[in-house]
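I've put the structures underneath this note.
Each of the two complexes below includes chain A, the first together with chain B, the second together with chain C.
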Partner chain A sequence: MQVKVLIFGQLTDITGVSELQLNDVSDRDELITALNRQYPGLADSKYAIAVNKQVINENIGLTDNSTVALLPPFSGG
Partner chain B sequence: MSDRKPKNIFITGPISPSFIAESIQKHSTQKAIGGHSIFLGQVRADETEGGVVSAIEYTAFEELAMDNMHVIREDIFAKYPLTCMHVYHSLGSIAAGEICLFVFTSSAHRKAAMDACEETVERLKAELPVWGKEIIAGATHQWKVNK
Partner chain C sequence: MENPRYQRQTSLKEFGEAGQIRLNNAKVLVIGAGGLGCPALQYLAGAGVGTIGIVDNDRVALSNLHRQVLYSTDDIGLSKALRAADILSALNPEIDIIPFNESLSTTNAQHIISQFDIILDGTDNFASRYLINDACVLAGKPLVYGAISRFEGQVAVFNWATNNGRSSNYRDVFPNPPAEDEILNCEEAGVIGTLPGMIGTMMANEAIKLIAQIGVPLINRLMTYNSLNNQMYDLEVQPQAGSHSLIPANFAAFEAKDYELMCSSQSATQIDPDRFEEMLQDPSFSVIDVRELNETPVINEFNYLSLPLSSFEKSVNQIKENKIVIFCKSGKRSLNAARILASHYGNSKKIYSLKGGILAWKDHKEV
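Right, the complex of A and B next:
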């Protein structure tokens, strides 16, 4: 199982990429753990998580081909 | 819900004054309109600890931004008797002094256009997944923070 992770804004300074694939993460909490292991700087960053364009506020299951977006505070306009 | 579809609000590069002028001109045939309200966002040369901001580089989660803008548009049309609304936001590098946001509302009487314009600007700054990377003259950068 594979999920696509889209990274935006200042978080790309930490990851160096704007998109990556993660294998074998079955829910949001596992995804966060995997991301923090790969990019320790993310653990100290503030961001919201959207799964398939829906912002989520609790742990939910991820399915194959889910698209997860990491959204730091917006600063448009 | 109306049948309005999500529109692409993004323009690559700055929003030119001629584009704004043409947009105003296009409304001359709509004679039920009695008032327009326009907000223009301009990139400010902020003086920061690291130096002066020379440009802002905008990126967005475009698909989600258009979905969220659609919701804002529907809400504003439900709340105010508007004739029309147009919103454009720049992507890419916009130099200090250039226009990066254009919000244009029109109504029969001024109050609706003015209130709707203000509310749309406030909501889109808070709700659209857009990010501004402030480029400091001399090659470093920092990320814009909305207040």
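Right, the complex of A and C next:
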């Protein structure tokens, strides 16, 4: 199973890329754990998570080819 | 008779005279007359929004001019709200412009916001953004939100109930503010002048669509735009369980809240397991567990008060001690709780959150 992760804003300073693929993550919490393992800086960052373009704030299951977006808040004006 | 000033837009069949009448009758408040506010104000004034309020307590600076193109070099040092009002009155003398040469605060927000139909947030800090969101929810005012960082921007329409009654707000996307030092603002991160030009113009465009009742505004959607690769990505925002409880219950509670402190990084000091251990030995500290009831690991090594985060806001008044250390499982919820406490008590209490949570403390004990 493959999940596509899109990374926005200053979070790309941590990941170095704006898009990556993760294998074998079955739900949001597993995805966060996998991301934090790969990029420890993400654990201290605040961001919203959208699964298939829906912002969610609780754990939900992911399916093959799900797209997950990590969106940090922007303050600039 | 048709006003030639607006002829190019009234000739659009979707917009027409009906759209123009709606704009003329509308009252729009733009908070922040900076990078986002300037273009938004110019287009709203040009389009003939009948009443426009401008809130800003800042003065024009040289480093503003590359993006805040409403102002000129001669304006440096002048009040943005007053100067913008003059320039916009010259652009369109047929509309009313009300400058508020002050920053929006918990004391003036209700009075100012209640005079307008739609609010645009073009501010440059999280304290203002959460304050404006909460005030708009309490006052029942639609909020056109825009924000930028480096080459990317976000735009959304919040607090606008759809046909099925669903209405989301900023806290449904970002429930709690990050520490002010976690996310860089334009001054620290830099910004290309054209980006706020585009995002601010999109904000004005959303406001015009809402008022004229045309097109498909970004209601319950948050759009992101990347100016480097021109990619747009929009997300659907649903009302989230729990986010409403983060908003003060009424304007009295709102006025008592300290948004600046809530967003300041000093409001919650994070401590490591060593320091936590010292605090456990110090009887002047009150220790609070914000995990939900029955979560593991069960702690019996020390005494603590259990106040689960889900109902933490309601428990805040029970906390009498002035030195408080909060823990949860991994350190995230305790930091949230610490910020909630800080926003209630300000500097009158010393508040600490155990970094890495009780798991880090357990690991530390085993070493």
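The criterion applied here is as follows: the second predicted complex is superposed on the first by the 73 of 77 C-alpha atoms of A that agree within 3 Å, B and C clash if a C-alpha of one lies under 4 Å from a C-alpha of the other, contacts with A are read in each partner's own complex, and residues count from 1 in each chain.
Note that in this section a contact is a pair of C-beta atoms (placed from the backbone, for glycine too) under 8 Å apart; a residue touches a chain by one contact, two chains touch by 3 or more.
Because the structure is a prediction, the values reported are computed rather than measured.
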Open item on the list: Contacts for A:58 in the overlay, against chain B (first) and chain C (second): which applies, first, second, both or neither?
Closed with: second
TODO: Answer with first, second, both or neither: which of chain B and chain C does A:46 touch in the superposed model?
DONE: second
Open item on the list: In this superposition, which partner touches a larger number of chain A residues, chain B or chain C?
Closed with: C
- [ ] Using the superposition described at the top, list the residues of chain A that contact chain B and also contact chain C.
- [x] 6, 8-10, 50, 53, 69, 71-77
Open item on the list: Residue numbers of chain A touching chain B in their complex, please.
Closed with: 6, 8-10, 13, 50, 53, 69, 71-77
Task: Of all residues in chain A, those that touch chain C in their complex - done: 6, 8-10, 44-46, 48, 50, 53-58, 69, 71-77
Task: Complex contact set, residues of chain C against chain A - done: 32, 34-37, 121-126, 129, 146-150, 152-154, 172-178, 182-186, 189, 191, 196, 222, 224, 233-238, 240-243
Open item on the list: Going by the contact rule set out above, which residues of chain B touch chain A in the complex?
Closed with: 41, 58-61, 63-65, 67, 89, 100-101, 121, 124-133, 143-146
